[in-house]
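Listed below are the structures to be examined.
The following pair of complexes shares a single chain, subunit A, combined with subunit B in the former and subunit C in the latter.
Right, the complex of A and B next:
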């Protein structure tokens, strides 16, 4: 992936430097146009295989007294199970949402870290299709549990916070409706996508700029050093952001499920 | 980017690299569902059931362990109580034995004292009796000796006139009775023999 912008870079001296844009994310491997299979799809598929094998291997022989690898896995699993699912949804209902939340957390975390992991160096969720798919799953799930719990009209009534004076309810209701049906899914998908998209562009920008500087005069060659350093700093910063965004996505998904389930606001 | 915004109708039909980043590439969207679905299936069918069963077993084991520990503690407490009861019993028994020993000692001492007193009384009694007997014997023998001596003395003085047994006995007895009653004063005897009178 990193080669794609490099190929587009003007390497011969004297040519203009073009900053990397959205086009660096377009990486068709098989086919062309609207139905091309992209590099991100391949990496996503590989991540699914790796995750499935790793999780099955780690939990195939779980025992009461954990081995070292089981102990480490339990720490990771408990983070999604207790710190996200149980803390947000509450100990009464959380267990049936743990598989979904743990799946989302693992899948997003691994694919995000693909963005800083050589040789992949490409965050899968920097392509809007993947965040939309994950968000739609969450969207359907939280509305489904809400309708199931409160009934069709009951669920809409449930959206209005309790204890409000009667005259303000007609004003609040459309706002809550927009929140539940538009704002939440939109922000959930765009937050993940935007972070991965921008972070990847930043890294590519610094690396390609440094590479471009090396083709220019002596002053620019010296400038290439801090530019590369900056790329390394961004690389580490991105690793942090990617883990954080996986956490935020899962936490908000749990929060929306909790909001649809909650006894009161 | 600017030219894309300028040619808005082209956005909808654009594909590949020309597509704006917010328009999803349909294969990726579909594959996104597939990815979430596969991981969800693996996690919900294999991973979570296994790990949750282990958690449940662990919870049961810990609860069982705590129950066992409680039982062990209860047993230890019961044992301690029985030991304390036994100790108290043994202490009471020791006290009783000590008390009994003291009483027995006291009674033994009392018995010995009684025995010693009885023995002493008996010895005193027998000594008194012996002394009495000896005194009687001495009186009898003295009386005989004094009688014979005085008879001899008198017969020496008077001659053979008093040889007659019956008279002799009567005279001596009378003399002795007089002597005892004080009719005969010792001064008369004393005056007849000066040297011995001062000693008696």
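Right, the complex of A and C next:
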């Protein structure tokens, strides 16, 4: 499945080294152009199937005295439920957003970890379409709950923080409009995309550079060892970053929902 | 030796210095807070991550401008 990056590895000594670029993310399987079915789409689908099977298996035989796997799963679920949803949204409203936030967290975590798991080695969210889709869901949800709670004009009035002197409100209002409608979704999508994109390129860069060194002279062959070590370090660092980004995405989604719902800022 | 590439890469590298310092300051403050009062950790953690995410947004804007 990882034909695209592997094909770039230099195999003979005559080749020039080319640093990996954005093209390593373009991996069409069926078709070509804008409507091609890419590797990332297939892995995204497989991740949904895997998550569904795992969650059904884990919750099928729930008991009051939990088994070991149930205990671990409850810890994972409680992390999304309590540390993200309840702490950000508050105990009054959080319960109806737990399914959304838990699904987002699980989906993004599994898809991000695809970026460091050997059979896949391809972070699904490194293609901009996936973060945009996930952000679109959050975008619609937090504006929807805001409009529903405060009414159309009330929601826009709610965007201005309380307790400001009257003359500054016309200046703050456009800034808040930009924050709510442009900055928040833009940064939410691009943060996830940028981290996955840059992290994957970094790993491929170190691995392909080390493979290139192996085709060169003796000095370079020795240099390949620290380069491979660095690739391994980056691999572990990426696993950490990917878990952190799944957490950050869900945390920010929860905080945007909380901001649209909050009594005051 | 020919050096090819885009000067905006250098610009983006410079642009990340600001957010990098900001992220460092945020986590320094978080570590300070937890060291002084370990039981405040669950309270401080989401705040630190939120601040980190907001500071990082500046670097992300830089990334967007690089692609423009």
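The rule is short, and it goes like this: the second predicted complex is superposed on the first by the 258 of 265 C-alpha atoms of A that agree within 3 Å, B and C clash if a C-alpha of one lies under 4 Å from a C-alpha of the other, contacts with A are read in each partner's own complex, and residues count from 1 in each chain.
We take it that contacts are C-beta pairs under 8 Å (C-beta built on N, C-alpha and C of every residue); 3 or more make two chains touch, one makes a residue touch a chain.
Computed from a predicted structure; not experimentally measured.
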Contacts for A:187 in the overlay, against subunit B (first) and subunit C (second): which applies, first, second, both or neither?
second
With the two complexes superposed on chain A, say which partner A:77 touches: subunit B (first), subunit C (second), both, or neither.
first
Just checking: does A:100 make contact with subunit B only, subunit C only, both, or neither of them? Give me first, second, both or neither.
first
Going by the contact rule stated at the top, is it subunit B or subunit C that touches a larger number of residues on subunit A?
B
Let me test your reading of the model: by the given contact rule, A:200 touches which partner, first (subunit B), second (subunit C), both or neither?
neither
Contact footprint of subunit A on subunit B as seen in their complex
1, 15-17, 19-36, 38-40, 42-44, 46-48, 50-54, 57-58, 61
In their shared complex, subunit B is touched by residues of subunit A numbered 21-23, 25-26, 28, 32-38, 40-41, 44-45, 47-48, 51-52, 55-56, 58-60, 62-64, 66, 73-74, 77, 95, 98-100, 102-104, 106-107, 127-134, 136-137, 193, 197
In the complex of these two chains, what residues of subunit A are touching subunit C?
83, 87-88, 183, 186-187, 190-191, 194, 247-248, 251-252, 255
In their shared complex, at which residues does subunit C touch subunit A?
42, 45-46, 49-50, 52-53, 56-57, 59-61, 63-64
